[in-house]
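One chain, subunit A, links the two complexes that follow: it is found with subunit B in the first and with subunit C in the second.
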Partner chain A sequence: MTGAGDMADIRDTTLETPEAAGGPHADKTYSYFPGCSLTSSAAEYDVSFRLVVEKLGISLDEIEDWNCCGASPAPHHWGGNLGVLLPARNLHHASRDALVAPCVGCYNRLKNSQYEIASSEEIRAQAERLFGEPVRYETEVLNLVEFFARVTTPEKLAGMAQGRLAGLNLATYYGCLMTRPAKIMNFDNARDPVSMKPLLRATGADSGHFPFKSECCGSYMGLARKEIVLRASRRIIEVADDMGFDAIITACPLCHQNLDLRQGQINSTFGTSLEMPVLYFSQVLGLALGLDSDDLGIDTHMVSARRLLEKIRRGADATEEKARVS
Partner chain B sequence: MAIRVSSTIADGAGVTAEIERRSGEHISSCYQCGRCTSTCTGTFAFDYPPHRIMRLLQLGQVEEVLNSRTAQLCFDCMTCSSRCPMNIDVAYVIEIAKMIADERGIEGGEKDVQLFRLAFLKNVRRHGRLHEARLMAWINFRSGKFFNDISLVPMTLRKKKVHIVPPRIKNRREIHRIFREVTAKQREE
Partner chain C sequence: MRIGVFVCQCGTNIAGTVTTDKVVSAAMSMRDVVHAETLQYSCSDPGQRQILEAVQKKSLTRVVLAACSPRMHETTFRRAVTRAGMNPFMLEMVNIREQCSWIHSDIDQATDKATDIVRKGVAKARKLKPLFPGRSPVTKRVLVIGGGVAGIQTALDIADAGLPVTLVEKSPTIGGNMARLDKTFPTLDCSSCILTPRMVEAKQHENISLMVNSEVEKVRGYIGNFEIDIRKKATCVIENRCTGCMICQDKCPGKAPDEFNAGVGQSKAISISFPQAVPMVAALRKEHCRQFIKGKCGVCKKVCPADAIDYEQEDEMVTEKFGAIVAATGYELFDWREAYPDYGGGQYPDVVTSLQYERMLSASGPTGGHVQRPSDGAEPKNVVFISCVGSRDESVGRPFCCSVGCMYIAKQAILTKEHIPDSQSYVFYIDIRATGKGYEEFTRRAQREFGAVYLRGRVGKIYPWHGRLMVMGTDTLSGEQVEIEADLVVLATGFAASTGAGELARRMNISYDQYEFFNESHPKLRPVETNTGGVFLAGACQGPKDIPDSVAQASAAAAKVIGLLSKGELETSPMVAEVNQTACVGCFKCREVCPYGAIEEQELRDGRMVAHVIDSLCQGCGLCNVACPPAVIPLKGYTDNQLIAEVVEVLR
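So, the complex of A and B:
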């Protein structure tokens, strides 16, 4: 864990104007693939992502007429190629050099598809037949954490965040699909991922080791076999609660659904009284940048983040008081 | 649990070879260390933990594997694959077993899970995007669990987390073409 001291050092040396938030590639425009969840049950993920991106001065180019990536059901069916060809259509229509897919389910499928197209002549021929021209698939596919690490730096973010989230301890929860399978995702460490930490710590928050960071939440079993999801997700929330974390941070709409939407069901099934807020990575960055929590859609979650927001407010009041006195 | 040596699927070894071919993994190199099982999130819901699935396949006991709950319920979190000392993609092996079970119409006592996957894809084929509310209603209707998750409905409506009108993409013909192409190919094989 970093102490508050480390963060203070970073903040002191990088007091820059908000306009200077850009990282090395900040002038670029990125293709944007929202995916189905971000247009409905995870609308707040889309909203918060767009707000933070705008604040950082980056522009997004939403893929025209994009379609569902096929999620978990497509790769299991009809010989497996459906899970390659559905995402392929989105890769084909992406017009920029790099594409960002905040939903890690979509990110995973897009990268899988890219890998399969690159390694199979047969699939390339199949795609060409379908799209009427050679398939374009070489756009770089980025997940949300990778994207933010690209367009800004911890130092610059710290300069904008002014230590707003100091005093919070956030559990980084990566789940499965961001890093696995390792040979295809080729991102972070599949067993012990750490990529969220530098940016989270730049907000002033602490982010201690969360041992359940890559445990599965129960995936898509929620509708058909709810009790399996409740049992798998309960362990994750309980460990975070026992360890005194203020919130679980995720980048996956399905994990969010299982951990937040079903937390009440977990409590009523197991007689627990868990009240662990689950926030999207983009919402945390938004809070750090001083955006309003309702604008970021935090009020649309089932588990209230009231206590966490009060903590942030108290921190802000204390800073103001200190500034007034001196 | 004892493993029966006889098998009613005559081509047991053939199916194991098919899984090896389709997954590109060497099932024979598994030496039963059990690391996959020790890290598996889903064992509490499975009938066979992952290392036993591997052993059954080695022995050509494919009937047990194709009919297992494990093949239907595996979350595909791939933790097992990331831990295997022989670098076997265990999750992918199970996924291929699931695919073959689906192709042969075996539901392994997990009809609702299979129903979910099919309903999901039908939904996407029709609209090009997933209509979550419709999928949920359809699953409850078909599985006979009409009031499943009904307690979540008022809250999700109030918090504007559902669309009533299905989201539709413009070029749905291209999506239909993809589905047709894949199913036609499957029938050929």
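So, the complex of A and C:
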């Protein structure tokens, strides 16, 4: 975690004050729902998210005593309305204007739950029996990309990022959960999502068309039929590599697991030699804001991002050199 | 007053739901009704004869006919009562089919409703007055809008019949989309070999005057008497001086997109679209011209040996009178890029549209007929065709079939093999729709003789792969996922109405569908007419069509026009507005709302200025009727008294 000292650093190194970094809704307080992944296998996602949020001067309020988001085992194994009621309890306790859920699995369950509750009196009644009061479920649920687009603007971000990521070409990878099913998620264009682009471009990086941006990574098939994941993820990585991208950017811990953790397995299974860093959206923003890559947890990934970081460093050196000369 | 009521059974169309005998006996008890009977098919010859006999035998003075929509057969029945010696407007037709029997299932209720409808008709019939149609002279000149194959065919047919035709084309040459095609299916005729002579014929015909770079701006008047403003856009080239030597194009330093070649290759700011253009006259596009962008250049003016360049040229407005209009504005390709991000949304240079590929195949195209990949100029070996891009796809809001895709894919696959013998074509299709003469055989030939591999399924994604394109799709017959490494992907892009079609339709006051294709008056019986008298349709502006269908429709439209203009004068409808001038307050609200300019000021003997309807211009739309504050402009045949009598009966 960064403390007050880091905040002072920002003031020193950027022209903008953190307050000025805000978008139209920067002054709101947001409920934060980390979910299980961000406390375990994707801890670096949580760390990087909190760091960036802090740097932008936004206050978060973690939901007290939050519970499982109702991810697939709940509805699939236990049936009933468990997959709706578990997230409903989180919504009920959010009690804020808006809630941010960086894990898109959580985001998807929370929005599904809202949809089901809104359309079923029976579920509403069930929730009321369980919670002892009418369920509050209408909190606005935001995913990570949506959240950053809300609390800052590309112009503000660009001011703070000072083109640090110039020269990088980043493949935006949305996966499936963020936009589908379209009528429930009601976010971006499910066939051709583009919402990451404005903020990524604001970092100075390029973000060309990536045809596999919403292709399946193999999802949780990694446990039962690993070969499906390896085949699906291989193609995503291979195409990104072929198209000359420096990294794949995701907002989903499961996608990250399949693309990053299993990249070694892919290489040994198919005889490939892929080395494609897979970064969380928050980590990229962190790098753009000048945060340390180790602090952002980039060093915890299986695939080394050293070439990417090298590229950023070279860019920074060149800028410095230019400044010194002039 | 002696009213006769006839209740049509229309076979079981009406009698299936409405007990017509009951309606007849109810009618007999209505005031002034002296005769009522059922007719099995009132529009048939025996049916019409029964009406005629009853009118004469019972000395009927008014007839109420309960049958189908007046849009179907009102004219037929007006003629029938005329033969019996009645004024045709003493017939009142009420609709108990579309508005009753077809939409209800309960026999008793439908019968009651039919009875009410008849009662309402009788009430109106009681108030009818004889009306007498006027006559108006006919302008024996025809405007054809659009110079594609349909417009050319229509113009030539009409001109051959001796009528003067003005053929208006918005681009610098006639020929339309057909001029851009290499070969035509299923005969593999060279498209320009069959079209070019027709284009030249149109130009040379003594009865055809060609107006290129021109668009219809305003349409006034009515059938037989249209007055139309045409804008001739400035091209900075004096048409009758330009010899078509193309020196200006050779020397012009300003690059411009090549619209004729569908964006394959580049053109110049001043150019002639293609070597067989008609007229063979250059046109300058100001938005790409250095003279206009930078304010200096003047190369074309300097090099032109005919002194035909005039930078000061301005748009010219021409107003002419015509008796009939034929719309033949054709089609454009659906812009697939935004709708299909999965196919790269236009970001992969080697994914081209069918029309672009057509230009690549054409000997007169930018590559001289050598098929080359746009990305690197290499000759493609694996060519993948994807059918139904922007057609038969509800997810992009284009549910309709383009009607030619299956055929031109087969043609292009055959031509690909002819151009590049060691190439392999793959075709992803949904269904093969090959319904014309010789069409099915043609698609078989593409497969059997030219080795095109047909895969039944959609393509999900195209992505760049080691310098080629990977096409991911399904083969629904084998149930397998298919991946094909392609050098070139050709999208069989669907049809869209021409840009501005809807706007033009509004100017001509004709209706169009949600895709801006023009609506014919009746899908079966009036396929080239519109609901606006004197305006006809030819070709793909009415909906996707291939060349033979477009040409057939074009000749049909010509026949309709020739028939119309063979008359010296036209009968005008007497159902027009009429101002009660003693009660008119002279506010002229009516003149403001009249879309036909049919209202003029008239001075009464006491000096009051009042409104007056010019019968020959009034189309009986009724707008003035409702706009008139003191309500003193009745519409003949639909007067307030007549309508109120109907309403009173319905509410009884």
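By definition in this document, the second predicted complex is superposed on the first by the 302 of 326 C-alpha atoms of A that agree within 3 Å, B and C clash if a C-alpha of one lies under 4 Å from a C-alpha of the other, contacts with A are read in each partner's own complex, and residues count from 1 in each chain.
Basically, contacts are C-beta pairs under 8 Å (C-beta built on N, C-alpha and C of every residue); 3 or more make two chains touch, one makes a residue touch a chain.
All values derive from a computational prediction rather than experimental measurement.
Novice: Now for A:H209: first (subunit B), second (subunit C), both, or neither, which partner does it touch?
Specialist: second
Novice: Is A:L85 touching anything from subunit B or subunit C once the two structures are fitted on A? First, second, both or neither.
Specialist: In the superposition, A:L85 touches subunit B alone.
Novice: After superposition on the shared chain, which partner residues are touched by A:A71: those of subunit B (first), subunit C (second), both, or neither?
Specialist: It touches subunit B, and subunit C stays clear.
Novice: Tell me the contact category for A:D192 with respect to subunit B and subunit C: first, second, both or neither.
Specialist: The second partner, subunit C, only.
Novice: Mind working out whether A:M243 is in touch with subunit B, subunit C, both or neither, as first, second, both or neither?
Specialist: The answer is second: A:M243 touches subunit C but not subunit B.
Novice: Which partner, once the models are overlaid, touches more of subunit A's residues, subunit C or subunit B?
Specialist: B
Novice: Please indicate which partner A:R225 is in contact with in the superposed arrangement: first for subunit B, second for subunit C, both, or neither.
Specialist: first
Novice: With the two structures laid over each other on chain A, which partner does A:P134 touch: subunit B (first), subunit C (second), both, or neither?
Specialist: neither
Novice: Where on subunit A do subunit B and subunit C both make contact?
Specialist: In subunit A, positions 191, 215 sit in both the subunit B and subunit C interfaces.
Novice: Can you list the subunit A residues touching subunit C in their complex?
Specialist: Residue positions touching the partner: 189, 191-192, 209, 211-212, 215, 239, 242-243.
Novice: Which of the residues in subunit A end up touching subunit B in this complex?
Specialist: Residues 36-37, 39-43, 65-68, 70-82, 85-86, 89, 126, 129-131, 175-176, 180-182, 190-191, 214-216, 218-221, 223-226, 228, 231-232, 261, 264-265, 299-300, 302 of subunit A touch subunit B in their complex.
Novice: Over in the complex, which subunit C residues touch subunit A? Could you list them?
Specialist: For subunit C paired with subunit A, touching residues are 341-342, 344-345, 347, 395, 461-466.
Novice: In their shared complex, at which residues does subunit B touch subunit A?
Specialist: 22, 41-42, 44-45, 73, 75-79, 81-83, 89, 91-92, 95, 98-99, 102, 110, 112-113, 115-118, 120-121, 124, 128-130, 132-133, 135-136, 139, 143, 148-149, 151-152, 155-156, 159-163, 167, 169-171, 174-175, 177-179, 181-183, 185-186, 189
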